[in-house]
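The following blocks contain the structures, represented as structure tokens.
The same chain A turns up in both complexes below, where it pairs with chain B and then with chain C.
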Partner chain A sequence: MSIGALSRYAFINAKLKSRITSMLTARQIDTLSRSKTLTEALYSLRGTHYEPLIELYHQSGDIERLEAWLFARNIILHQEVNSHLKGGGGAVVAALTRKLEVENLKSVIRLWFSNRIKRQNIDYRYGYLYQGKITSEIEWARIVNSTHFSEIVEALEGTPYREPLSHFSNEQVEQEGLFDVEITLDKIWFNLLREEAKSLSKEDRSILEQVLERDADLKNIINLFRFGWLYTLDGEHLKTLMLEGGVITKSEEFQEYLEQPAQSRSPMKLIAFRFPELAKELAASRESSSENLTLMVESYLFKVRREEYRKMLRGNPFTIGTILAYFFLEERQNSIVRTIINGVNYGWEAEAIEEYTL
Partner chain B sequence: MTTQTFKKRLGLSLVVTLLLLVASGVLFAPPLFAAESDVALEMNSKNIMWAVISAALAFSVGAVSAGFAISHVGAAAMGAMSEKPEIGGQALIFIALAEGLVVFGFITALMILGKV
Partner chain C sequence: MNVFTVPMKLMTAVVLDETTDRVMQELLALGVVDFIEVKRLAPKEASHFHAGESQENSQEFTDLRLRIETLFSQGNIPIPASEKLDPKTMESLSLSEGRGLVERMMGELASIRERQKQISQKKIRVEELWHYVEGEKLNYIDLHIGKTAASKEVIKRNLEGNAYQLLNPQGWDDMVILTLQRDRAQINRALDTLQWEENPDSKLQKPALLLLEEHLREKLNRVEEDNEKIKGEVGERIRREQSNLEKLWSNLRLQELVGKMGAKFSYTRNTSIFSGWVPAQEVATVEEAVMEASGGKCVIEWIEAENMPRHEVPTAVKEVPLLRPFQRLVDNYDTVEYGTINPTPFVALSYMAMFGLMFADAGQGLIIALIGLFGTRYYRDRKPLKKGLIDPGLYQLFIYLGISSIITGVLFGSYFGYPLLPPLWFNYHAVVEGEIIGGRTIYSILGITIYFGVIIIFMGLILNWINLIRKRSYLELVWSKNGVLAGWIFGWGVWAGSYFVKSNYKSFPSGSLLPIVFIIPLVLLLFKIPLYRMRDKRLGKKVESKGVASIIMESLLEWVVDVLEIFSGFLANTLSFMRVAGLGIAHVSLMVAFDQMAALVGGGVPGVLVLVVGNALVIALEGLSAGIQALRLNYYEFFTKYFTGNGLSYNPVSLRYSGEREGR
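Now for the complex of A and B:
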């Protein structure tokens, strides 16, 4: 452990570890998911970081407002952590915050698409979007009000998204939809994060690169499973969806998978190559619904990630690992709260909600 | 080991210790007793100089190390307390442990100066 790491992480990591200990417990989550009404669910969050949701719901009675608050909270947490870090650590957190910016940008472009291409009314939806600065200066209103896709590209001047999106034409977007645009945006933030990893100290870099290599494999396996097997995309198209890094895309099994005719592909060999335990689980399962199989894969991969982050929290406390684990747990917690309040609002049974909260 | 051998070895070690003490007295005592001579005076002032330097070092290194440790432990304590004020008491213990370094340095310095 170097002295530099000690000064860099002593304050922030102690703060984040304290926050982790005050996250929602399994019992609180259980109480939340067993609530009969949304009001009851929200009141069970009293005394937690989610208490402002009670007041917000009383004021608006609007569940989408609650989701918007959860998203904004996540951004604020990222920006707060960033304000305590200098140098490489700060740049990496900024790159992680970019993921939220990309999510917001995707939502804004989807709104534009609904409005301009599908001719739907978007007035009520625009109010729920985050309209402040996340990492880059982006005029969100200008994007929504663009008449043409090229105007969106112009509105993104000075951001890393402009150049890659300039390869899409309005006609292409109109005909093929936003799928490829969204994949491109995901790849941009992931590659930027990989670049920022180079500015870290040796130990931090090794931790982050390990996380990115694993995440690339996890994301790629989900994409190969979902788009390659369930939606049978052609090999070339499938290749463009893959994130850089990991071992899957470099394997012979991957090449074989792409070369197979879309209708007769099976992702099992690929899954067995990288995640043998998951392959066994899938083989033993009698599940035939594609949605449930995808849930099984996602659930397993989530467990892999969770275990890795737990290891990080048990390891050296003066590394970027604590920050990465905190963001992971915080994001997971937000997602659980979002899923439960939606489930309770729609009157789902607690068991059904738990399936989606993993 | 039998009781007899143990007693023999104990006796032997006592004799050796006694001899060493006498030898050191013979070797180091003359300059102290011969304070009147110039050579003895010079040696004495050198000894005092080194003793004072050692005392200063013991205290200053202890103080700097404590400052360094407290700056980091304190930062971590502040970070944790900003989220959970109730752990203030526990955090104080860790700060006190770091503070102990300067106390050890101070005691060592006092002990050295007491010999001068």
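Now for the complex of A and C:
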């Protein structure tokens, strides 16, 4: 371990480890999901990092503001971690933060799409979206108020999103929807992160590249399963959805899968090639609904990611691993809180909520 | 003051079934019995009893109580004080009625919140328009100036679902409608329906925008006021039911407590049997209460704690209010074992002495004491919002630590880093800066702290020996790692070490005394394993049968480990106290550095500012550091000598309420 790594990560590692220990416990999550009303759920968050939600709800009575706060919190956490890092680590955290920017951008473009293309009334909904700076200078209001997709592209001048999105025309978006636009945006942040990884030290680079390789495989397998098997997308289109990296897209099984007619594809071979345990689970499962099988795959892959991040936490503390694990855990915790407050608000049973928070 | 834990007695009582409820209420009001299950006391006999009615409602009571507490929090109503709980007035509780009240209120509050949500959305609409008007983002908005025969209500109805502002300026023939450009398609349709006649005069645009900006600002204020009103409605609605809710909460709390108590009761056909630990000084009161509640128809038996296994007796300590901050330090470590010494007064002494030696400055001590005093006064009338680090206990501790620093500061003649008054002992600053005062050098400071450490360690050993005598653990008293033999080795070791230092690190005491005083305990330590085995056999404990050779081997191995642990352990423990000198020296060095910095800026006001900031930094950082190090020394060097922490905490069923989300 180099002195550089020690000085770079010692403080942030201690800070993040202490934050991780003060995350919601399983018991708190259980209490939260068993709440009878939203107010009770929120009050059970007293003394946790989510306590401001109580005041926010008291101020507005508006659950969507709570969700917006959760999203903003995640951005602030990323920016805070970034402010404690110098050099390569900081640039990588900024690239990780870009994921949130892409999420926000997708939401704003979706609103624009509903309003301009589908002629739906979006009313106050834009107010819930994050409108500050995340990583790039983006005039969000200009995007949501654009009359044409090309105006959105212009609004993204000076950001890495402009060029790839300039290949889409208004007519294309109107006819095909936003699916490909969103996939393009996902690829942008993923590729930017890969680029940034190159600036890291050997050990950090190896950790991050491992994560990216694995994430590429996970995301690709989900897309191949969901869009290739469930929605029977044609091979060429399917290929464009694939993220760079991982072993799946380099395999023969992948080529075979693409070449097969959509109706006769079986993703089992692909899964068995990369995740034999999952293939066994699916084979043993009596589940026949393709939707539920897809959920099974997603749930398994999520567990794989979780275990990998846990391993990182147990490993060398003076690497980027702690930061990656922290972001993963925070994101997961935010998502649990968001799911539960929505579930409780809509009167779901605790058991049903728990299924979604696993 | 009794330094030992509070003596306890175990009560076992039998009362008639018909008087059980009254007895429970009386015992609840007293709140001193830590109930245990009868079957733990007499497992065989207990098989003939049947357990109390299952507390199937217990979780529901807790859930409902917690829901009421959420209502209290929303209405800013404090949870009823335990003094308001009267077990004698406890009524039978209709859970469905209670639940009905809470559900009704939650429903009403939900509809208030729904209105609040609509206001929140209205605010978003107005805010967006206001941002664009105020920021002159005119390409995002559409301004319509014109006329229509339709009434305002009809216009509003047609524009509903869109962000808009309608204005009928005084003295204008036209109306002004502000909308979002992105809603143009829908708005144009609506305006067509309204037969809107647009005024083509573009000069009207600017004044219209100014009016709109003003109007939107006012509107935002109005929306905010409406929101405040709605928030007030929530509190008002809850407060309207305050007395019913308090009554229900109290009843639920009492039912929960009675349920908790009842779960430990056993029953025969006509009687109830219960058992629990009571502090010896409360025995007469408890007996009287049970007698009175049962009309004298009861049997009560008391068992002395000494006749029960020590690990089953709960520990209560007599709380001395003045020493409360130190009691907290002890509680944070662990629970004291029954019948042993409560370390609190000793911790108070050692903690203050350690802190004072590390932070010896009368001026800075005074500041810490004043912060403590103000903090304590501040919290006298206010309850801390939640249990945490910054609370009245911490401020009380500040007062003690401040006093300790004042005393040591006066001893060493340090006042904000300056020798304003002559020291009562010696000038610590001067010695640290290299002067030799009365033969004292910086090494003397290290020596003082090491001797201080020796005193603390010996104090720990003596407390341990007292505990072991009280526990009648005579073998451990002599042979354990903190026993008399280890103490003997440590004592002579200190003597030898001090001789070595005095000889200028050249020689140890000559003659046969030193070898003899070490050889005797070392030889005696060899007998530890055989003696322990004999004792265990005599007490009927299961002892693994072994041959002589095996016992000798085990004794030798244990001996090696013990000797290593005693020598290295005591040496490390003693040297650990050098940190006291280290922090004291660092404190002086920092003050000297700030003094030099003040001189570098040329004194005067900037110099005073440097000194003020320097003192503040030293108080905050050095103070924190000294506090933590003193705690560490207490926990690791002092407590490990005598504090086993094997105690069971005393938890009587009482009306006292922790205020946390108890029950979850």
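The definition used in the following text is that the second predicted complex is superposed on the first by the 358 of 358 C-alpha atoms of A that agree within 3 Å, B and C clash if a C-alpha of one lies under 4 Å from a C-alpha of the other, contacts with A are read in each partner's own complex, and residues count from 1 in each chain.
Rule of thumb we're sticking to: a residue touches a chain if its C-beta (ideal position, glycine included) is under 8 Å from a C-beta of that chain, and two chains touch if they have at least 3 such contacts.
What you are looking at is a predicted structure, and each value in this text was computed from that prediction instead of being measured.
In the superposition on chain A, contact of A:123 is made with chain C only, not with chain B. After overlaying the two complexes on the shared chain, residue contacts for A:145 are found with chain C alone; chain B is out of touch. By the touch criterion defined above, A:177 reaches neither chain B nor chain C.
Of the two partner chains, chain C is the only one touched by A:47; chain B is not.
Legend: residue contacts after superposition of the two complexes on their common chain; A:6 is shown touching chain B, with no touch to chain C. In the superposed three-chain model, the partner touching more residues of chain A is C, compared with the other of chain B and chain C.
Once the two complexes are laid over each other on the shared chain, residue contacts for A:132 go to neither chain B nor chain C. By the touch rule above, chain C contacts chain A in their complex via residues 63, 66-67, 69-70, 73-74, 106, 109-110, 112-117, 119-122, 124-125, 127-128, 131-132, 137, 139-140, 161-163, 180-183, 185-186, 227, 230-231, 234, 386, 661, 664.
Per the touch definition, chain B reaches chain A in the complex via residues 72-73, 75-80, 82-84, 87. Across the complex, chain C is touched by residues 31, 36-37, 39-40, 43-44, 46-47, 57-63, 65, 115-116, 119, 121-124, 126-128, 141, 144-145, 147 of chain A.
Listing the residues of chain A that touch chain B in their complex gives 6-7, 10-19, 21-22.
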